[in-house]
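You will see two complexes here that share chain A, one where it goes with chain B and one where it goes with chain C.
Showing the complex of A and B:
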């Protein structure tokens, strides 16, 4: 079973700060989604409303067609995983796992044990005595073993070292294939996890910047390089994400696919067309000038 | 493993074509399942499936319901044919252009080729 997520004109405000600014987004469900955004872009705010951890200031969120807030039947189906454990500091790891097992209808104890071993979690230690990496590993273990139809990993890897992060990515992928569900992973480590995502959502300053299949976004940007005036003429009227000059040479990154005819024309004008990776596209789309140009 | 700057499904399709051309994957041999492929390369299974689908459409692979994907009997020969068509344009013409830029006389190249016979 998988759950869909619908975000309609969502606004989240904290006193004077607007964290989410009229965002609309639809996720069909049953896929691994990447939510990309810089620090403070509103990732956690959106996800907190989706997971019913907080109420929307304006607009609405629907999970499987229903509002999740104070909807116990629905929130049991949603697991929101952060980089810290939602438990008493004085509790030991074993007790935290026991509580999770009692609360989660789809809990897989055998899988939980396998993850505990894989992440080398000390069962008798108190939460307060765990390292940052171990706290992340414990919350990830709970998030995976809970097998919730909607599982959200909100930068859960923070504090994990590279081998643990890759172990986490491998587990997300293999468990998703064995038990398909809706998984949202928020991150800014795109180079590490980009290939895991079927769809990518890019947000910036509380707004939606892009939402597409990952494969469609890959190669969506084009870096046009050549003599300054030729580059200028070719890129005129296009969505410019970035621009660099070196002497008489100019390199302008534009957003959008080029037709074969346009490619031929560019080459005839002595221009070099280079692909732009997902990571670079994200940087360009969310760098302060880039995002403005795109909107 | 894969280049972030172009669609991964196309890179998967190219990789499998290379394996067929080199003989690493033989005729009627079964290829990895999309899930095996996805775990091995740490990519989304939908991406792997898209790469395989591309190859089925091109006639390089064929499906056997409930069993998996296999290399078409004539895949290697037709891939070689496609490569041959592009060979002079992509390899030879490019070499001549490079030789002109760096000042290597074409006679030197011809002599080298003769020597390789």
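Showing the complex of A and C:
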């Protein structure tokens, strides 16, 4: 079972601050989505409304065609995993898992045990005694073992060290393949996790900046690599997203697609062309001037 | 309503809070048994120790238990897919159970103290008539304690919800309002100390039991709905560090 998400003209305000500003977005069920945005861009606010953690100030959110807020049939099918565990500091890990097991209809205890072992979670320790990485590991263990048809990881794994994060990415992918569902991953670590996403949503200042399949998004720009002089000549006058040099070799990422004639000319000049990195594109689209230019 | 979810919430709450509630009574009971035993041994008192001090502290404990419901537990349950409505139902069942334990312990405390006072021939020295002198009195006391227990838990719940929803400053400002249902309930049963003081101040005797129960029922219903209004759309904050 997978759940679709429809966000229609969503607005979320906190007193005078507009966190989400008339956002419209449709996510089909059964895919892994990357939700990218700078700090304060409104990612958590959107996800909180989708997960029924808060009410929208304006507009509407539909999950599987119905409003999720106080909808018991839906809320049990949505697992919103935040960067902190939704439990008391005085609770021990075992208790937190016990409550999740009791309340999550699709909970897979065998898988939970495997994750506990993989992330080396200390069952008897209190939440307050856990390292930041262990708290994140506990959060993602709940998110994965809950097997909720709509699972949302809101920067929940950022506290984990690199090996644990890669273990998490492996688990997300393999468990998604075995048990397809809708997964939304909100993150800053774009390059690290980018290959996981089937579609990417980029938001900035509470507004939708881009929503496309990952490959299509990466095709919005080109990484031009080759002799420094040739690269400089070819990219002159274009919008540069990123630039790297190593000896006489230069790699410049430019925004915008190339025509067939331009591609032929580049290859003739000894240049390699590749897709743009998600992170470069993200930085460009969410830079203060970029967000306005490409909306 | 998803009855099973509410039931899971209440059972989970009871299991989680059993060490806290059990620990409280495990400390309180030996302390008061010791105090009452010393009083009986000394052979001189004009009050019921259980009524004057033993019966008050647990009410404030219940208040604290109520305060934690929204502030500590609501995010946990909503985070596990429970609606605020089902949490309210589940927490209400939990309140009934905790108040029931409180009422039974309190009533048995009176029975125990009455037995000791009678055996030590202390009843004649008391300023006020002893509240539990027969099975009928015990049943009346059980009903009164149950109502008072529920009222205190509900008041604590409302108090905690005010802090959660409006923040610390307004939470503090609203404390006198949130405690009103408990005050009205205590007045209906002439309970120590708040109800006893109000009844004395108003110059009235303890109202008949049905009147007390009615006052308590109205207070509890008002508190419950006020609390539900506070939490039914509240945004969920992060709890752990």
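FYI, the second predicted complex is superposed on the first by the 242 of 295 C-alpha atoms of A that agree within 3 Å, B and C clash if a C-alpha of one lies under 4 Å from a C-alpha of the other, contacts with A are read in each partner's own complex, and residues count from 1 in each chain.
By definition in this document, a residue touches a chain if its C-beta (ideal position, glycine included) is under 8 Å from a C-beta of that chain, and two chains touch if they have at least 3 such contacts.
Keep in mind the model is a prediction, meaning the values are calculated, not measured.
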Item to complete: Identify whether chain B and chain C fit side by side or clash on chain A in the overlaid structures.
Response: fit
Discussion item. If we overlay the two complexes on their shared chain A, which of chain B and chain C does A:194 touch? Say first, second, both or neither.
Written reply: first
Discussion item. Residues of chain A touched by chain B versus by chain C: which partner has the larger set?
Written reply: C
Worksheet item: Where does A:78 make contact in the superposed view: on chain B (first), on chain C (second), on both, or on neither?
Response: second
Worksheet item: With the two structures laid over each other on chain A, which partner does A:99 touch: chain B (first), chain C (second), both, or neither?
Response: second
Discussion item. Quick one: is A:211 in contact with chain B, with chain C, with both, or with neither? Answer first, second, both or neither.
Written reply: neither
Worksheet, complete the sentence: Overlaying both structures gives a minimum C-alpha distance between chain B and chain C, in Å, of 28
Fill in: chain B/chain C common contact set on chain A
none
Response to the item:
The chain A residues in contact with chain B across the complex are 31-32, 166, 169-170, 173-174, 177, 191, 194-198, 214-216, 218-219, 275-279
Response to the item:
Per the touch rule above, chain A residues touching chain C in the complex are 48, 52-55, 69-72, 75-80, 82, 84-89, 91, 95, 98-100, 102-104, 127-128, 135, 148
Worksheet item: Which residues of chain C touch chain A in the complex?
Response: 2, 5, 8, 11-12, 16, 72, 75-86, 232-233, 235-236, 238-241
Practice prompt. Spell out the part of chain B that touches chain A in their complex, as residue ranges.
Written response: 2-9, 35, 38-39, 41-47, 50
